[in-house]
Amino acid sequence: MTKKQQKAKEQVLVIGAGMAGIEASLTLAAADKKVYLVEKEPLFGGKVIKFEEVFANMECSTCMAAPKQQEVLQNDKIELLTLGKVKEVQGEAGNFVVKIEKKARYVSLEECIGCNECFEPCPVSLPNEFEENLGERKAIYIPCPGALPNIPSIDTENCVRFTKGENCQLCKEACMFEAIDFDQKDEEVELNVGAIIVATGFDLMDPEQISDCGYNGKANVYTALEMERLYASNGPTEGKITLRNGKEPTSAAMIHCIGREKAGYCSGVCCMYSFKFIHYLKDKLPEITLYDFYSDLCMPGKSYQPFYEHLKDKTESVRFQDLKIAHQNGKVRIKYKSLADQDKTLDVDMVILAPAIMPAKGASELAGVLGVEQDENGFFGFQSSDRSPEESGRDGIYLAGCVLGPEDIGKAIAQADAAAGKVIALLG
Amino acid sequence: MKEGHVIKATEGTSKAIAGLLKSSLEKKIFEAVLVPIRTNKEYNYVLTDNIDLLNKAEIMPPVMSVQGGKVLQALTRHGKSRKIAAVMRMCEIRAAIELSKLEQTDLENVFFISVDCNGVTPLSDYLEDPSCAGKKFRPLCEICTSFSVVGDEQAQDVDIHAATMGVDKGQMLLIPMSTDGESVLEKLGIDKKQDAGNWVKQTEKLQKQRTAAREKALTKTKETIKGLNGLVEVFSRCIECYNCRSVCPICYCRLCFSDKETFRETGGEYLDRAQAQGVMKCMDEVLQFHLGRMSHISLSCVSCGMCEDACPVDIPVGQIFSVVAERSQAIFNYVPGKSSDEAQPLRTFELDELTEVEDK
Amino acid sequence: MDRKIGVYVCECGPNIADALDIDRVIEAVSGLENVAVVERYKLLCSPGGKKYLAEQIKEHGLTHLVVGACSPKQHEATFMGVCEEGRMNPFLMQMANLREQIAWITPDKEKATERAIRHMKAAVRRVRYHAPLEQKEIECNADVLVIGGGIAGMSAALLLSSPDRKVFLVEKNTELGGMVSRCEKLFPDMARGSEITESRVKSLKEDENIEVLTGTVVENVLGFFGNFVVTVREKESEPQEFKVGAVVVATGADLFDPSALAEYGYGKIKNVVTAPELEEMNLKGNITLENGNEPKSVGIIHCVGRKEKGYCSEVCCRVGMKISRYLKEKIPAVSITQFYQDLCVPGSGAQAFYEKTRNTGVEFVCTEAVKLSGSVEKIKIDHDGKIDTVDMVVLLPAIEPAKDTSEISEMLGVEKGKGGFLTEEHEKIGPVTTTVEGVCLAGTVSGPKTVRDAVSQSEAVAGKILSSLVPGRKLETEARTSKISESLCTGCRTCLTVCCYSAIEYDESRGVCVVNEVLCKGCGNCAAACPSGAATHQQFTPTQIYREVIEILR
């Protein structure tokens, strides 16, 4: 074995720094592996840091994730590469050569102390994707309060220096630590690793692609992630639940199974988070009338049904077939067929959709780069009971989290540790 | 408890119970008994199997020179005793039960005989004038509601209760309170039963009176300790002799927090404090001691009044502690010493507890 | 002791420097006892700042360090590292949070300065009472005990096995394989079931690093992480003892007994069987009624015992569909109806499995309640008032904790939690570990789950053990643990009742409680609960806290 090959066996690449990627990295680092944790966003933590609380213990989500994130940041063996995308993978188990395209942040990680002074002077404002477009950000920005690393990045698709070639220096002038550096360049980083763990997570199905779900980004129909940001204490409304016109809703309906027919599978966690929303809404608006529209209640496991039992008195549960959502006089109109085949209508102030969970954007491209299998729904790996869920079809590459199918956090963490276990057993 | 087993008590309660204990020793029902004995002018607990010595026994002595709970702690802490019978007042039994929850007493082989209690005379009064025995009582005794086996504080671990109130003169009713109690009476051949209705009536009547009196008295006491100034005032003559702590059955710590280095500052630190305040009383730890002790023992306080009895400067410390104890025990609906099965609130976790302080 | 406390206030750029008057803070702290030097610095966490601090420690011969800066969450580890650089014990350092707790929330500069003075004085007073704690290293045994030879146990053992680590796999039955070995096929791809376990059994037997002990029970597990002593016994033989570093509990679960519920007539009505009974028939080759004939119509009832147990067992819906596939394979003309309350088909392949099953002609009926009654050779299924008549009924019972769960719980110190199953450390971020370090759970022992998830968990357990118990590597223990003073302990054992890490033991001979420093995580529960003040947390002693609080409140 060459020295290079020997070195490769000590190093692992983890793609995606959400909860699964973080867990896999920490377990690998504990086993003395050097971990390159690549994340395409400027911050890490995945979807979980968008939630205020998690079911079923209703624990504060960021309180749960933050200590793990801190451990990653303070661990010498883990190198977090944000704004990075995997472009090429060559080689084989034990010796992969990976090319990563790392976009420039234009802010120095060593000098910046996260004081946020550079945002105010920036002349460009645009909707903030992290806030599900419910809030705004500047072209130089940190996606949300508490984001880690607590260092802004410059969005080259909106900063006038890059889009218009203007010599705007307003952020640099506001910085007292000389941390902003327009001369930074995108890099190509080449890594030599013995194994790869893919933990790229999920995205929600775009509701605008789903017919009759009433979503247009303007009416009072929200997706689950938009609801999470509305309720979040570090969100665009600091936790206040209001309609688009600023008024408080007097009634709201949770609609499960949005896009389920189109996707062809059940996403497993939406029933549970819809119940969580019942808890959220009743917490902020005790007088609100709630409806919960579902086709089957999916609450597997020892703790999920008790959670539902605890909350079901706070809502009217409605079992439906064929549901359509439209708008009528400022209200949201739900037309549905009951199980007894009766046509019914209900008007509410606000609707929260539970859209299908899909593989994250860019998943197919990544599958091609990695040379791994995708199932009929685009998720990586195999659905067979004959294989571990972490198997990708290519030796040395393992999967964890929603990249392999819709999972709850507990399952994703177990998969992350399992993938790490397989890597450690492989590399020795 | 509508009926009890009758025994003769023509020579008084003490002789009657002593006679009972003698028989039980003769019949080897117990290996020894724990009773107060009179020696000269003093009353001391002795552990004995000497039947003759029991002639000097003084059950329910007029003064309480040591709390029975403390005695049982010394006797059983380092391992069970062999089968013994202990005759004590209800507050002493309750203290012993409370201590068992903290592994400081082991009551498995202790057979409890309780007696209707009229109260105890304060030690200082008794020493000054022995004739006030049975006439003058501890302030807490005057408002005591656990003088018999009636009411919420009834100690459920009592085996036999000797009923004297409302019972015909020259007689005593022995009420078995457990299967052990029943079996002992059977072995002693005490099987003549009699209606206890009068005793029940009498004790319930007294219970009502005492409950009202207790509420009145403790409300009055509460007024005196309102606010920091009230507390400072009431404890102003405390000389930090720690008598109250020494005699308290619940205070069993090897090193009290108030004696620890934690609160001992360096000379430099004291001077800094004095400079910041302008003046500093030396040494100013009185309230810290009492409030600290209150927070430590109030859930277990059985209101026996030993502390007040022992205080050389007549601070009504027992009444003050009882005020706080009652309130803190009420938060958890906890009655100290009632049953060894009832765990102490701060040692156990209940999911649905103190919901009033929860975020809804 | 000649203490020399170095006090440094970080400006944190404008964050702290603009929000309060640092010079006044420096002045206020300078005169305090034992303070040798007080300085301010632009940015202490920068490479320059860290170098400066380390040099200061050496230059002034500092014995203690106080840093007024940001949150300890952010940089406590950084400054502890600086202490080590300066060859000072890192536990003799205290941070005062001047940024998040003062500068960022106190708009009035005067007030902020006053608060900062209090906090800095408090940190200085406190740090004098810090003890130079040491992280210890202990030898550990990297071998592993796996209890349970089902799919989870076997998968864990296979992934753990390596030449420098022995695995003991103990199974109480004479055969390995567990529940999966009794299934011909598994959902959703109807792949081999019993063959999967057979191939694992073969791999196990061929693996030199794994010792398989069947017909054997674990009698006792003593010790702690890295140093367990296990006693096992094979039937009537002498007990065997061996040492391991970690224990994997993969003892599986049991099924709810439907005879407890009158509405299903189990044990009373003919031809009402449970899913495992049908699996058995299927494995043997024919599915028949009691009279030997093939059933022409079958009803499959989901959610048996769901209400009583209060949870959904996740797999039964799909097991029901699998059973209908068996039936259709063996008896193509059979008519099948499945009666369910909620269809549980989460995940990428499950709904397709359901739809495919439906396309084979299986009917699915949603119903709240089902009542069975026998009528000659037929069974009447009353569902919400409608009646279906069938030859045979298959019940899908809930998954419940195995009968010996209490014994295992007590033996290992792992608590029982929701549903009566052994409880994992954390529902979300600790699904396979427990509060007893070194004891992990895999498979249905911690709750109902699919074979896929059980395998995932067993490999996760292997991952945890492979990374924390490395042959040849010593275990580092937490330095900031609790301690119990032998002379002050009265043996009341209150600390035992509040310790969730099984880190405290009662020593009968001395009548006192003792903390196991390897298991202690420094949570402080015992110190808070101890009525006698015998238990203290070494980095949060009453003296330290008292000094800190007194200065803040002055």
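As written, the chains take the letters A, B and C, and residue 1 is the first residue of each chain.
Here is the rule we use: a contact is a pair of C-beta atoms (placed from the backbone, for glycine too) under 8 Å apart; a residue touches a chain by one contact, two chains touch by 3 or more.
Given the structure is predicted, the values throughout are model-derived calculations rather than measurements.
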Shortest walk length in steps over touching chains, chain A through to chain B: 2
Higher-contact pair (C-beta pairs counted), A-C versus B-C: A-C
Distance-maximising chain from chain B - centres being C-alpha averages: A
Chain A and chain B, separation of their C-alpha mean positions in angstrom: 63
Inter-centroid spacing, chain C versus chain A (mean Cα positions, whole Å): 24
Chain centre separation (chain B, chain C; CA means) in Å: 46
Residues of chain B touching at least two other chains: none
Residues of chain C that touch chain B when the two form their complex: 32-33, 125, 487-494, 497-498, 511, 529, 531-534, 541-543, 546, 554
Of chain C, residues touching chain A in the complex: 12-15, 43, 45-47, 73, 77, 155, 159-160, 162, 186-189, 191-193, 196, 306, 310-314, 342-352, 366, 417-419, 421, 427-432, 447-453, 455-464, 466-468, 470
Complex interface listing, chain B residues touching chain C: 78, 102-104, 252-255, 257, 260-263, 266, 268-269, 272-273, 276, 296, 346-348
Chain C-facing residues of chain A, complex: 19, 23, 27-28, 30-32, 54, 56-57, 59, 64, 68, 70, 74, 110-111, 113, 115, 117, 176-177, 260, 264-269, 296-306, 309, 339, 375-377, 379, 383-386, 388-390, 404-411, 413-422, 424-425, 428
